[in-house]
Amino acid sequence: GDGGGETDEGAAGGESNVQLVNEGKLTTCTGLPYKPFQYEEGGDVVGFDVDLVDLVAEDLGVEQEIVDTPFDGIQSGADLNAGKCDLAAAGMTITDVREKNLDFSDPYFEATQALLAKKGSGVTDLASLSGKKLAVQNGTTGFDYAQENAKDVELVNFEDLGLLLTAVETGQVDAGINDNGVLYDWVKEKTDFEVTTEFDTGEEYGIGVKTGNKALLELINKHIAEAKSSGKYDEIYEKWFGKAPESK
Amino acid sequence: MTEVVIEITGLTKSFGQLEVLRGIDLTVTRGQVVCVIGPSGSGKSTLLRCVNLLEEPNSGSVVVNGVELNDPDADIDAARTRIGMVFQSFNLFAHQNVLNNLTLAQRKVLKRDRAKAQEVALANLERVGLSEKVNAMPGELSGGQQQRAAIARALSMDPDVMLFDEPTSALDPELVGEVLSVMRQLATEGMTMLVVTHEMQFAREVADTVLFMDAGVVVEQGPATQVIGNPRQERTKSFLHRVLNPVHVDEK
Amino acid sequence: MTEVVIEITGLTKSFGQLEVLRGIDLTVTRGQVVCVIGPSGSGKSTLLRCVNLLEEPNSGSVVVNGVELNDPDADIDAARTRIGMVFQSFNLFAHQNVLNNLTLAQRKVLKRDRAKAQEVALANLERVGLSEKVNAMPGELSGGQQQRAAIARALSMDPDVMLFDEPTSALDPELVGEVLSVMRQLATEGMTMLVVTHEMQFAREVADTVLFMDAGVVVEQGPATQVIGNPRQERTKSFLHRVLNPVHVDEK
Amino acid sequence: MALSRRKRARLIRGTQYAILVVVAVVFALTADWTRIQQAFFRPEVVREMFPDVITVALLNTVIYTGLGFGFGLALAIPLALMRLSSVAPYRWISGIYVEFFRGLPALLVILAVGNGVPIAFPGAILNKYLALMVALGIVGSAYMAETLRAGIQAVPAGQVEAARSLGMSPMRTTIWVVIPQAFKIILPPLTNELILLTKDSSLALFLGASISEYELTQFGRVALNQYQSLTPVLVAGVCYLIITIPLSYLSRYLEKRGGGKKISSPESTGLDVTP
Amino acid sequence: MALSRRKRARLIRGTQYAILVVVAVVFALTADWTRIQQAFFRPEVVREMFPDVITVALLNTVIYTGLGFGFGLALAIPLALMRLSSVAPYRWISGIYVEFFRGLPALLVILAVGNGVPIAFPGAILNKYLALMVALGIVGSAYMAETLRAGIQAVPAGQVEAARSLGMSPMRTTIWVVIPQAFKIILPPLTNELILLTKDSSLALFLGASISEYELTQFGRVALNQYQSLTPVLVAGVCYLIITIPLSYLSRYLEKRGGGKKISSPESTGLDVTP
């Protein structure tokens, strides 16, 4: 619906008056690569989060522009505060600590921490990693989880998921911890590897905006709700994960 | 006609602990040629540099053309335009050709217009025999030519007195002559000159007064025939023996 | 007793396009002192440097002590120990004291033991009047002292012939004498010497033969009294006029 | 030991060539060439990267570097003048600034500007170009200030004395004699600083960038992840060399023109030291 | 225009001090001091960081730098000798190596070694220390090779000629005359390269690190996120200065001892150029 888009834009502009940091663009902070939520393919950034935020951008009648920036700047709110972007959609879990530094939308995705290891390596859980190396990503909830729960395990801190996965793949570390969504996606291609366990951390992803940016937050929440009720959400989900969402 | 051009009284100068000049008195009258000789490190260059205040004296007075230079209220730049200085190492402006070397200060300091400055420059280049090198860069000239250009540059400011600090020491032996002969000609034309030199033949022939310095004091002073030909002081004698008769310094 | 020490025949040397030596013949016999004079750039240094092969000649032959140096199969290092070289810029080893400067090559090349090398070194320092500077570093010496130490270093290898390239040009005038008198003494002791110099008084008194070079050729050659005192060639005359009578080069 | 020149020369050169040939042969035989090609040079990856690696990444590298260099120079000029001032506090301020920023890694400065400043001063909005310009400019300015100062002081004292004894004031001397000559002295090291900044611009990825803002390193890094091959890094590297090698030749040319020493002939230096 | 010395000096100094005072006062009045303290210096954060910032981070920075420097020097010596060889292919190989790695950002080299090599050569396990040693070593070696070469060539030709005319062979000349003198010449620039490597070691965070392997920049960066304050970056910065500033004084001291030029007095240089 082109016509619908126009009316929506008028309505959004009229009721909420969203201020954008870059005129004519909805700027999204994200940390590449984070497949399938966002990653580069053929010169474009694509993925689940990208499609979701595009719904908001369409409503505003602007293009989405994606800024690739280290994840710990995103989750700390620094990038939003610095005006680097309007929102952060980076497969980011809603946590109390992060809530202090930025405002989260309603949850749009359920996730949990999971362990990645080479098949047949005997790494099945944190206990089996005792004395071994576990790759974590700087600033992530996996980092926090491992720090709390993985005693006697050497945590190796990587800048981004790409570096982490490469380290696991090339054997620099014995295993890696990260969100289940991205790990399952990765082992689809790398069949030598498997997700050996999930930690059932019960996390939910949210889209972040600068603290106090009510107008934008409301607009995002509106679209998340709309997408879920209209079936648009399921459509996008299936496009990126190859199957319909299990629970909802 | 014994107008005083340079009058130095009780001049002392130290670098840190090192007393380089220890009470120098010197008077140079108009048209006089004074040569300063003495061993290395005796303070000859420092004396000369005090005359145009390139070094600031510790005490004593330096009066040039009636201006007390050591007075903080003296217009030192104006005074310097009347004092030509020629250095051992020529110091032509490396980034300018010969003509611009001669006209720069005329135009910026004396405020002469370009035409006038060039006229003066060309006349002075003629005087030192360098007319055909007007457009050469300093690097393209021999040492002797550079030094003659430097003399012409100083002369272009129409100075009352010329200071020379070992103007031929950095030159190949066969190039010394061309510079000395320009200096001799200047002396003949009546220029007041204060010359630090090791060229005894020049001092003997051209100087009205020769000053022998050692360790920061004037040891002996008088006509060339006396100081060089028949020195009275032991220090002067032994210096002159070393310089004039180098092959036999061990005998004696 | 007219044993030939250096025999140079048809020597030529070019740097790229520039022909610096254009056919030099020269014979130096044992005990002879030969002085080479001539304008800057005439090839004097290059000639000297060809004698110990610091420059490789383009053609011609250089025979020293019966060894044809230009032959690629010659043991050049061995030959060089018999040829002492003294440079304008002294070139004492900057990181070693005077004693080590004198013993280094004796020990590493002649394989003398430390005691023997020091004995030779001390004797030669005595010879040049530097006994009290045994432990000084080069930087602590005056130019004249450095040059005398350099002479002693060359002498410590017991050379058959000594080459001097303007050994006094880099010195203050009062320090020239101490070096010249050491050289005169060496000549008296019968050392074979080939000396590039601008010191006419030295050449006149000490040289058996004086060679005047210009533009890569020997223009005039003969006893000092003749070449310096009564030159036959026009080029020699004008050079000597410039050097001996610098104040009046413009007359004539 | 006492070999003739010809024999020694033959021996030395012979040995060296022999070693070279042996090493080359061993390398050629043992190396797995298909593997090496796969690792370092996959033509299809190179093809994928063009033209963006030039039109976007190389261009952005040049832009960021240029901005940093310009801003750095603008900071460096007053800093150098302050360093040469007769007023002591100016000398101190400039001295402390230079010592401080010369001693810090560029990455730390970029982190401080890009991440720290917004944290420290909430509300401060830093545009990517602005942030890089400031960060790279600060990094460069400390070096450039020293270069400018050294260049000014490297003008031989005799040139200043000559001007002063012609009656030129300190200011006139500076303008007409010192600066024109310092300029020539300063150009080669300034070119070198441009090279250093080009390389430091690789740290821009810490400030985040949209695809159109990628410079060479970020571009290469993203592609490295995408293609799982060293080829993108190699392509990015070659692009850096396209900038830096000509600049370093320029710098050496300027240095020589400014009057370097003549290099003496091999025999006279005796420096054939390889065993 | 034609002011007397005293008046000119007074005017110049007066103006400069006036500007200084005005700037200082404006700054003191407009700045929000509590805010600045909060942003840059929160004592409790500093306290939290100790002693790990020293015992772990600073120590690791020194270790990584030392490893890189040692490996770099070990590479640089043969490279410099090759550059001076009479065998042309050696000169080419060494020349290409130096040009290549001098022109690349350190970050790209670290990425290539730490990330690229394992991808390119499956099975290769790179220990963090080893990877950094190799990467920083390669970065440093290109510079150090040039420094060594230049140092050897900077020994005055006259020294070599003197040794050769005493009958010393090229090899003996090199060992007994050239190397001892080159050493003195090389020390200051080598110290500077140690400083550069110290700063480049900040890029180690790209290789991934366990907490005990953090060096200063990564340590500061993690703390920056934790405390949301610039304080950790400042603390890390000060730690770098603890290494780099003494080294740079050492370098300058060595340079002076090696015989720099005397600096002339202010009046004779006429360089009071500030307006």
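Annotations for the structure displayed:
The letters A, B, C, D and E name the chains in turn, as written, and every chain counts its residues from 1.
Assume a residue touches a chain if its C-beta (ideal position, glycine included) is under 8 Å from a C-beta of that chain, and two chains touch if they have at least 3 such contacts.
Values in this document were obtained by computation on a predicted structure and should not be read as measured data.
The minimum number of touch steps linking chain D to chain E comes to 1.
Note on connectivity: the fewest chain-to-chain touch steps from chain A to chain C number 2. Farthest chain from chain B (centres taken as the mean of C-alpha atoms): A. No other pair of chains shares as many C-beta contacts as D-E. Mean C-alpha positions place chain C and chain E at a centre distance of 47 Å. Inter-chain spacing, taken between the CA centroids of chain A and chain E, is 39 Å. In chain C, the residues touching two or more other chains are 54, 77-78.
Among the residues of chain E, those in touch with two or more other chains are 115, 119, 161, 163-164, 169, 221, 228, 268.
Taken residue by residue, chain A touches two or more other chains at 73, 76, 78, 166, whereas all remaining positions touch fewer. Chains that are in contact with each other form these pairs: A-D, A-E, B-C, B-D, B-E, C-D, C-E, D-E. Interface residues of chain E facing chain C in the complex, by the touch rule stated above, are 156, 158-159, 161-169, 172, 176-177, 180-181, 184. Those residues of chain B lying in contact with chain C across their complex are 39-40, 168, 172-178, 180-181, 184-185, 198-199, 201-202, 205-206, 239, 242-243, 245-250. Across the interface of their complex, chain D is touched by residues 21, 27, 29, 32-33, 39-41, 43-45, 65-70, 73, 76, 78-79, 81-84, 162, 166 of chain A.
Put simply, chain A touches chain E in their complex at residues 72-73, 75-78, 101, 133, 135, 138-139, 154-159, 163-164, 166-167, 169-173. Residues of chain E touching chain A in their complex: 115, 118-119, 122-126, 205-206, 208-214, 218, 221-222, 225, 228.
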